[in-house]
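Next, two complexes with subunit A in common: one pairs it with subunit B, the other with subunit C.
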Partner chain A sequence: MSNSGGSLCFGDEGLKLVRDVKRSRDSGIFHAYNDAGVRNVKLEMKYLLDGITSLLERRAVLARAAEQGSAGRGGDGRGGSDYEGDGDAVVDAESSQAALELSQGCGMATHMHLNALRRNRRLLLVYHRARMDSLRDMAWELGGGGAGVGAVQTDARSNAVAANSDDDEDVDMDSDRHTTTTSNNNNSHPSGLPHNVIRAMSPNELSFLNSYHSLLEDYRGTMLDIDLAAPLVPPSDLFIDIRVLRDLGEIVTESGSILKLMAGDQLYVKRTDVEKFITLGYAVQI
Partner chain B sequence: MLSQSQSQLDESTSGSVDDVSHLTEQWINERNAPQLLRFEGGAVERILELLHVQTDTLEDLNNLDESNDEFIRSVYALEMERIKFVLRSYFRARLSKIELNTLAILTNPEYRRNLSENELTYAERFNDITNENYKKSFLDEACPPSLQNLSDPETAHNPNMNQAVFCRIKKDIGAHLLPNGDTIDLSKNKIYLLLYRIIRPFVETGEAELI
Partner chain C sequence: MADSFWDIDHVLAEQQKIPCFVALDVPGYGFLDGNSSENLCKNTRIELPFWMVTPLIAAEQVELEYPHCFARRALDDVATSAVSVNLHGLCPFFFLFGVKFVNLIEDANLGNVLADAFSQRIAEIMQYSQSGRSYSKFISTLDDTEKQRILQQDSEVGQRTLLWRQDPNSASTSTSAH
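Take a look at the complex of A and B:
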């Protein structure tokens, strides 16, 4: 960076945000929403906006002065004018020239402020966009929230959620989960996300994630034959060996039989029946 | 395909094998092209239909319950799994492009035409929810009205038409003039590494495929 000496210029705060989000993307750790940083950038933008307004006013005043000055000079040329002495006219011409230059300077300063404003806006866009990208990636990795839950698997899923809440999760998180499970049968809340991620989100991001989940849910609803959320690994074997890590209870398989999944069980099952639990980490393939 | 006695299956597959290979090709194109290609609605529909038929056949086979059919059953089931995978990957590749270039796709009528109806709804809603986040997070608060509009070209992410792609020529096209004045020989089965925008017209007509 050119301004390593510590003198800040416009856009530095925003650049910090973008650097932070880049580090977060590279390391794969979802950093907490930098509320203070964003606020600083917003303050800077307000300052710039005020600057633009006052610069524009000043420029208008100066331009008017320059115009008057040149009008006075024009009058001088004609001979009969309000100005009495030749000397006065010269001084006036000089000052009007100066006013003109100043007003041009103000114009340049306005441009500079406006560009800084644009840059700040762009940096904020990048920051928010990159965070949304991370959230989207995580949503897909964890099986797109609803994980293409068909009607058959819904109860298996609520079993899974119930099993989950037995763990040492935060109380507030759990209540959050249950409210969404009850309010929405297909559970579009990002219940799969670890709660440190949820805590790192801003309220706006949380609402983005919720609408993203319901968007995915709806889109998947348009094609019931294909489970879009299944992992993008080419299928090699129809049946696989799995070890179940959590008590998942009974699930109904594609063929209609009932499969009991209890922690510690090792089973040879159809891959598509249990794929979802592998994605969510409730079972492993051996 | 297996030579199975089920006439129903044979009928539906003989016409649809082309669809499957066509879709596979389109899937590879879609995964390699920087822009969103035309949606293969017809092929997708016919393949979904085929999958239904095959599921029924599979059930019939299960009901017969002869142990020597076990192998045939698993071959059928695995084939279905593979086709489903191609479809899934195809849709996912398209979705990720829609999410990346939402604005460019929505504003450019040429790209917009390539979306299926569901994808169009998806793109619009996705655009809405991302903009909502921007708006609530900072746009409404800190930007003057002139900067609140997000559809200016500065913010839109466009597909990179200059991306280098590998392609295989499927028909004899003849000599083709490159923008720098060179000519290349586009004859059948030749493989080139080209800028996408050069090969794009041939990919769209199906005279070349990306690999």
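Take a look at the complex of A and C:
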């Protein structure tokens, strides 16, 4: 219903952005930054701002004309307005009335422009904030196993996949991370976010994420004995059943044995050995 | 208002259009009327989104009509049998928008109808979510607030209850961990 009514209106472009972010939140997929959309909204805002300036000027001119008309002088032609009388008193009064009304109309148009400007600002802010929030959440959720913590190394050598898992966010809540660290996968970002998320970000968002990540690392570094990234729900089992979704090759587990993970395998393994893969969506818990 | 500024649902709810009459000729807004003239004429009936209407109402520059989801006919339906009305079809943000609209116009009757409908429907939603039946058709008639906030929480609670019935101890620990 919201897009009924046919007529386009200011703010529609920005609304698309917010709709997009809602869809992305509902589906759990981090959508690509809509650069063109944001640019359009900015252009619209610039147009509105110019409109406000010219409307205000026009209004001032009209108001002056109306004032002069009602003062009975008329005919001055100041400001080049069409609404000046020709010296005839009646016409004068009428035209000044018209000028007054039109100036009020301009006032209303200015008001509407201003509302649209405010609306656009809000849409842009909401769009960016919502994206930022989900990035921040992901940084907490996936950024896990702080590189600063001297942890167990499960070596994810592996040509591990030109990372493109669609379900980056729907990592089940109980896929926990303790102090396990995989030495950073060549393909993923230091923050531990999957590649497709990184690609969906704007440059500004990327730099935000980088700074936020290092901030997070510093904060974690102050409390080495507590893993802040650990999930709040305790794991129910030490060992879990997993199904591997991608060829990951062989990994060396905590205990030193070698685990071979090929697509389609179902294994009963120690949770901490495979957590990273579950987080990244390369394996699922059954 | 301050809290809802960042809320995506509020942003979308405020996009709902409300029919209204402009009190003045407005230069440059002819496009709202659908014709190509430059000015929007006085007393034209146009549809403006809620966010545009609110400040204009305060300045008494427009006069409102009831949007079709709160028109007499729709409200009669809702008052008669709140449970069987397809609210999502009327307006996806029926209640959220309703609260905003009621505050705008101060219509006690509309407020009462909405409140009654909401409480009647909650009972029905609870029943559906607890029974675990397939209810996709029912869901499609729910307004956004009902779908997101209530139904999801309901079914979560339902699952926990189920767990608790099976094994009171384990369920209670997992609840407290949350």
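Throughout what follows, the second predicted complex is superposed on the first by the 157 of 286 C-alpha atoms of A that agree within 3 Å, B and C clash if a C-alpha of one lies under 4 Å from a C-alpha of the other, contacts with A are read in each partner's own complex, and residues count from 1 in each chain.
Here is the rule we use: contacts are C-beta pairs under 8 Å (C-beta built on N, C-alpha and C of every residue); 3 or more make two chains touch, one makes a residue touch a chain.
On a predicted model such as this, the values are computed, not experimentally measured, just so you know.
K.L.:
Given the touch rule stated above, what does A:252 touch, subunit B (first), subunit C (second), both, or neither?
P.N.:
So A:252 meets neither subunit B nor subunit C here.
K.L.:
Answer with first, second, both or neither: which of subunit B and subunit C does A:102 touch in the superposed model?
P.N.:
In the superposition, A:102 touches subunit C alone.
K.L.:
Between subunit B and subunit C, whom does A:223 touch in the aligned arrangement: first, second, both, or neither?
P.N.:
After superposition on chain A, A:223 lies in contact with subunit B alone.
K.L.:
Does the superposition put A:38 against subunit B (first), subunit C (second), both, or neither?
P.N.:
After superposing on A, A:38 lies in contact with subunit B but is clear of subunit C.
K.L.:
Once chain A of both complexes is superposed, is A:202 in touch with subunit B (first), subunit C (second), both, or neither?
P.N.:
A:202 contacts subunit B only, not subunit C.
K.L.:
Is A:129 touching anything from subunit B or subunit C once the two structures are fitted on A? First, second, both or neither.
P.N.:
Both: A:129 reaches subunit B and subunit C.
K.L.:
Considering only the touch criterion stated at the top, classify A:19 as touching first (subunit B), second (subunit C), both, or neither.
P.N.:
second
K.L.:
For subunit A, what residues appear in both contact lists, the one with subunit B and the one with subunit C?
P.N.:
122, 125, 129, 232, 234
K.L.:
Which stretch or stretches of subunit B touch subunit A in the complex?
P.N.:
48, 51-52, 62, 74, 77-78, 81-82, 84-85, 87-89, 91-92, 95, 99, 118, 121-122, 125-126, 129-130, 132-134, 136-139, 141-144, 147, 154-155
K.L.:
Give the list of subunit A residues in touch with subunit B in this complex.
P.N.:
38, 41-42, 45-46, 49, 117-118, 120-122, 124-125, 128-129, 132, 136, 202, 204-205, 207-208, 211-212, 215, 218-219, 222-223, 225-228, 230, 232, 234-235, 238, 255, 271-272
K.L.:
Could you pull out which subunit C residues touch subunit A in their complex?
P.N.:
Its residues touching subunit A are 5-6, 8-9, 11-12, 15-17, 22-29, 31-34, 39, 46-49, 51-52, 55-56, 59, 61, 69, 90-92, 174, 177-178.
K.L.:
What residues on subunit A touch subunit C, complex-wise?
P.N.:
1-2, 4-9, 11, 15, 18-19, 21-22, 25, 51, 55, 58, 101-102, 104-106, 108-109, 111-112, 115-116, 119, 122-123, 125-126, 129-130, 232-234
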